[in-house]
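Pasting the structures in now, so scroll down.
The following pair of complexes shares a single chain, subunit A, combined with subunit B in the former and subunit C in the latter.
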Partner chain A sequence: MYETIAFYLFSALTIGLFLITVMSKNVLYAMTSLAAGMVLISGFFFILGADFLGVVQLIVYVGAIMALYSFAMMFFDATRDIKEKNTNSGLVFLLGGLSALVLVMIFAAPIHSDAVQALYPMHEGVGNAQDVGIVLFTKYLVPFEVAAVMLLVAMIAGIILAGKKMDQSLTEDASADDEILIQKDAK
Partner chain B sequence: MEIVTYTTVETFVNHLPEVTWVGSLIKAVLILAVISAIAGFGTFIERKVLAFMQRRLGPMHVGPYGLLQLAADGIKLFTKEDIVPQNANKLIFMIAPAITAATAFIALSAVPVFPDFTIPKFIPVLGGTFVPSIASDLNIGILFVLGMMAAGLYGPLLAGMSQANKWGIIGAARTAIQFLSYEVVTGLSILAPIMLVGSLSFVDFNNAQAGGIGSWLIWQQPVAFVLFLIAGFAETNRTPFDLLEHEAEVVSGYATEYSGMRWGMFFIGEYANMITISVIAAIVFLGGYSEGGLGWLTIILKVGFFFFLMLWVRAAWPHVRPDQLMWLCWKVLMPIAVINVVITGIVMMV
Partner chain C sequence: MLQPINVSLESLNLITLAPMLVAIAGGLIILVLDLINSKLHKTLYVMLTLLILFIDFGAVLGLNVNERGFFDVMLIDGVSIISQLMIIVASMLFIPLSLTSKRFHEYSYPEFFALFLFMIAGFQFMVTSDNLILIFVGLETASLALYTLIALHNRSNSFEAAVKYFTMGALSAGFYAMGSAVIYGLTGSIELYKVAAVLSLRMDEASIMIAIFGASVLLLTAFAFKLSLFPFHTWAPDVYEGASAPLAGYMSVVPKVAAFVVSIRIFGMYIDLGIEWVRIIILVLAVGTMTLANIMALVQEDVKRMLAYSSISHAGFIMAALALDTTEGTTAIFLYYALFMFTNLGAFAMLWISRHKVRRFSDRYDNPYEKFAGLINIMPMGAVIMALFMLSLAGVPPFSVFWGKIYVMQAAVNSGYVWLAIVMGLNSAIAAYYYLKLIVFMFLKEPVKSVDTVYYNLSKPLMAVIGLATVATIGAIFYIQPLISYIYYMISASGY
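After this line comes the complex of A and B, so read on.
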């Protein structure tokens, strides 16, 4: 009973918030509703009893969207609306059609719900974290390790791209100041 | 309402000490009442402690030793005009303080603030109800609390971005970099104790250290303890990491345009977060409330010590620059935390 109410509440809120994310022309509304929607998605995990995944969803997306905010801060004025240019109507047609197709498939999916079975059900008396850990290090070991290597590569690439003048402090070193000014003038 | 409560308690009294919804409700009300009172009183304590450390008297005029200063401040905050700047994004501007205050208290719902106890039988209606130590005992408690406290930083971020003020934007930008800096250190530093205990539940942490002072995790994980404290200071915006609203540099940062109770909500949230961090440090590293019958007293003493430590540090240290904070977190603390986790793993396996 409570779970049904909670499910419909979370569903309505999540869909509404993500609609705002897509429709709004204000970057602050879009980002905030995206963050709130991501936080509410963790509610579905909690309803399903997957506490660990719910918390991971919470932590990961809170941090990830915080990083997106910093980009929004750099590129947009958060208190003004953004004028969008839609020159490519073919692309809009294609994306709209794909969304409609996905929607139809989502609504048709329950027809085949019998075919869906939980291959790795939760164990009674064992914590969520332990269950996830066992599955990660047996069945999904290879994807897990590949993801880890990809993240490592991305991290090293990021450090190399950004770290050319890491030892110089921009605020302490006067020559760095000059360099920034020169680059500005050159533009 | 009362009749419902009575009958439910009657049925639940028979099989104690099961956690009933009445018990959880009492605990939730207890946390809300006690913590918001302490959060308000904390501002007074902070001013007094800072004053004594700087050889001043602090607030003295309102009431004996300035004790009623809290009431005066409260009346001032409640009656002040609630100003919303003209060019601000009004909706976001108005909900931002609520995010900070709400997430701080949601985080507290998964933290054991006092030991569990049973209300004595002679008290009418509620007598015999078992009150759990945590309002909602999740088996992933630590992660939930850290995630909720991280979500609390959306308050300063949105406040700064929505108020159409340069200082606000700088405050918001500093919020983002501070969050991205300390979050890694918090997670990695607390990972080593989690590996030792093998659980994410605060109750398991408490029970794992039940063997007296010698079994406290601080002796096995001193490095993790120091790292967690430093990251905790950054998490609660305390000096030396109070970059978001440092008066000498950015006027008041994200809170520049706020007045009245909306401004007050930021600070209730901040003090509630200070208490949360103190409780986590006390339970994860200093044995929690495991000392038999005296548990309720020792946990208060431990939390009080950490709260005092935050004020002490504020009186003793100047604050750092944003680039110094990033340097400290990414180049010093994070490698130490990773090494600590690896060494803990090796010691556990061998």
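After this line comes the complex of A and C, so read on.
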């Protein structure tokens, strides 16, 4: 009973908040409603009993991604309304609607059958995080470690692209000699 | 409470991880060396990278075919061994190209070589798994490193190229993740052999086709971006133009080999399940790619952009072989890339030796055709070698790419696609025009008098790499038969 009420409440609120995100002309409103929508999505995970994923949703989307967006937003004037240039709003509406419809159909199709079985079923009386941890550190240890390498690559890439002498070219400049030659020829 | 888990070390089969660990450890060694002494010359890093690649090569050769390791996440089959060997050989050809006689921005960073090794490890993870998560993580590791390698060239158009490639890559990563999610929702597994088992049981269900359609279209879009297939090819010429010439040549081979391996695993599975329209979509993409890229290549004014479109068209050729899904077709994919690798890297290396900091011949392009006018008078040997590469790319016998083309066509005819072989033949004829255009410029035109062409980048290591590529291009007739039988043996051993 309570779960049903909570589900419909969360659904209505999430859809409403994301509508504000899309429709609002003010960046600040859009960002805030996006963050609130993300928080409410984690509510669905908690209803389904996936508390680990719910917490991950909160940390990753609300904590990390929204913080990144807010930092990016600080470079702009957030109080001003955005002037949108939709030359052909009918076409945008049609294409957006069609792709949304296709996505909903794709994801709804497998629900029709119940042949999906959990590969790593939950153990009774054991917390969600323990079960996830066991799968993550046995079966998925290699992808987990490769993800660490990926983060290392991203960190190195960020540091050298932003920090180390990228504002000056270390490529040997032969054009200076060439220009002298050309001027000599002209004389 | 949960039971403690006992895993025996033998069951992990850790040797399957050895090649990637060599590359990753090599990258870390380079980073640490730079921390200890930041004044080391780039020659040391080049040689160290080469050494690590040699060890990596040996580690791959030491693997047994058809083994799984680490809870079945790692999969060593013939396809993965061949593709790893090709990736490493192409990298060994690429790295010495940094030993130019002039200094370039990217090679003054030791991180360039570390990122390069991490990228190779990423590609190796990508090809040695049929677990969609590991494929994704490997692909992203490699791609992130590659974007940075492009941007390190440090010109405005290489930043443009890196950002374009990054945006397109992020989009395709999104498509890939969505496609994998649909597959998971459909079958409850992300390991392709289990997915195939579940799907084959559920093929007669009514609503399943639309979900399979969704999954395969999303995944096909993701890989069409990575393989630069029409209509997702638009990024490729700009990115190739902005990247340094050797990196552009490298990008037209190695990331595509890795993406083709994953495509073989995923779409080969769909075609094996009897889903015929996947084959039709791939054939339409392939024919569109080879034809339209050829027509676009005809009107290019820049040799590098022409080579970019030509490599897109070659990717279309190979995609057609993927649609056949026979052992011969899959062999053709690897044979084609093994031969194309040397010729294409050689052609891009020839552009590299004439790289200038400023654009001398045109405001817009680095390598316009005029730059190569009358090359036979300025640099006779270079002109002849470049002409050899062009003839090989055009598919003139007995040079290397001819054998790849003839093998693809043979595979097409043998599986009953005669029209496909005819389309390929016609496309080779169109392609000959733009390759010959460069030869005409080099041999028959007078050099542009007002600016002199200076090939100042030339050095002994570059000459060695170009010489090796030339030998591989001309001597294809001598090694083609053993190469085919080795690849065919490996492919059939892994059941494709």
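FYI, the second predicted complex is superposed on the first by the 126 of 187 C-alpha atoms of A that agree within 3 Å, B and C clash if a C-alpha of one lies under 4 Å from a C-alpha of the other, contacts with A are read in each partner's own complex, and residues count from 1 in each chain.
The rule we apply is simple: a contact is a pair of C-beta atoms (placed from the backbone, for glycine too) under 8 Å apart; a residue touches a chain by one contact, two chains touch by 3 or more.
The model shown is predicted, which means the values in this text are computed figures rather than measured ones.
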Which of subunit B and subunit C A:D51 touches, first, second, both or neither: first
Which of subunit B and subunit C A:I134 touches, first, second, both or neither: second
Which of subunit B and subunit C A:P143 touches, first, second, both or neither: second
Larger contact residue set on subunit A - subunit B or subunit C: C
Which superposed partner A:K25 touches (first subunit B, second subunit C, both, neither): neither
Subunit B and subunit C contact sites that coincide on subunit A, given as residue numbers: 169-171
Subunit C - residues contacting subunit A, complex: 1-2, 5, 7, 17, 24, 31, 70-71, 73-74, 102-105, 108-109, 111, 114-115, 118-119, 121-122, 125, 131, 133-134, 137-138, 140-141, 144-145, 147-148, 151-152, 154-155, 178, 182, 185-189, 194, 198, 201-202, 205-208, 210-211, 213-215, 218, 356-358, 454, 456
Touching residues on subunit A, where the partner in the complex is subunit B: 26, 28-29, 32, 35, 39, 51-52, 55-56, 58-59, 62-63, 66-67, 69-70, 72-73, 78-79, 127-129, 169-171
Partner subunit A, residues of subunit B touching it in the complex: 87-89, 91-92, 138-140, 143-144, 146-148, 150-151, 153-154, 157-158, 161-162, 164, 169, 172-173, 176-177, 179-180, 183, 187, 199-200, 321, 323
Parts of subunit A lying in touch with subunit C, wherever the complex brings them together: 102-103, 105-107, 109-110, 112-113, 115-119, 123, 125-126, 130-131, 134, 138-143, 146-147, 149-150, 152-154, 156-157, 160-161, 164, 166, 169-175, 178
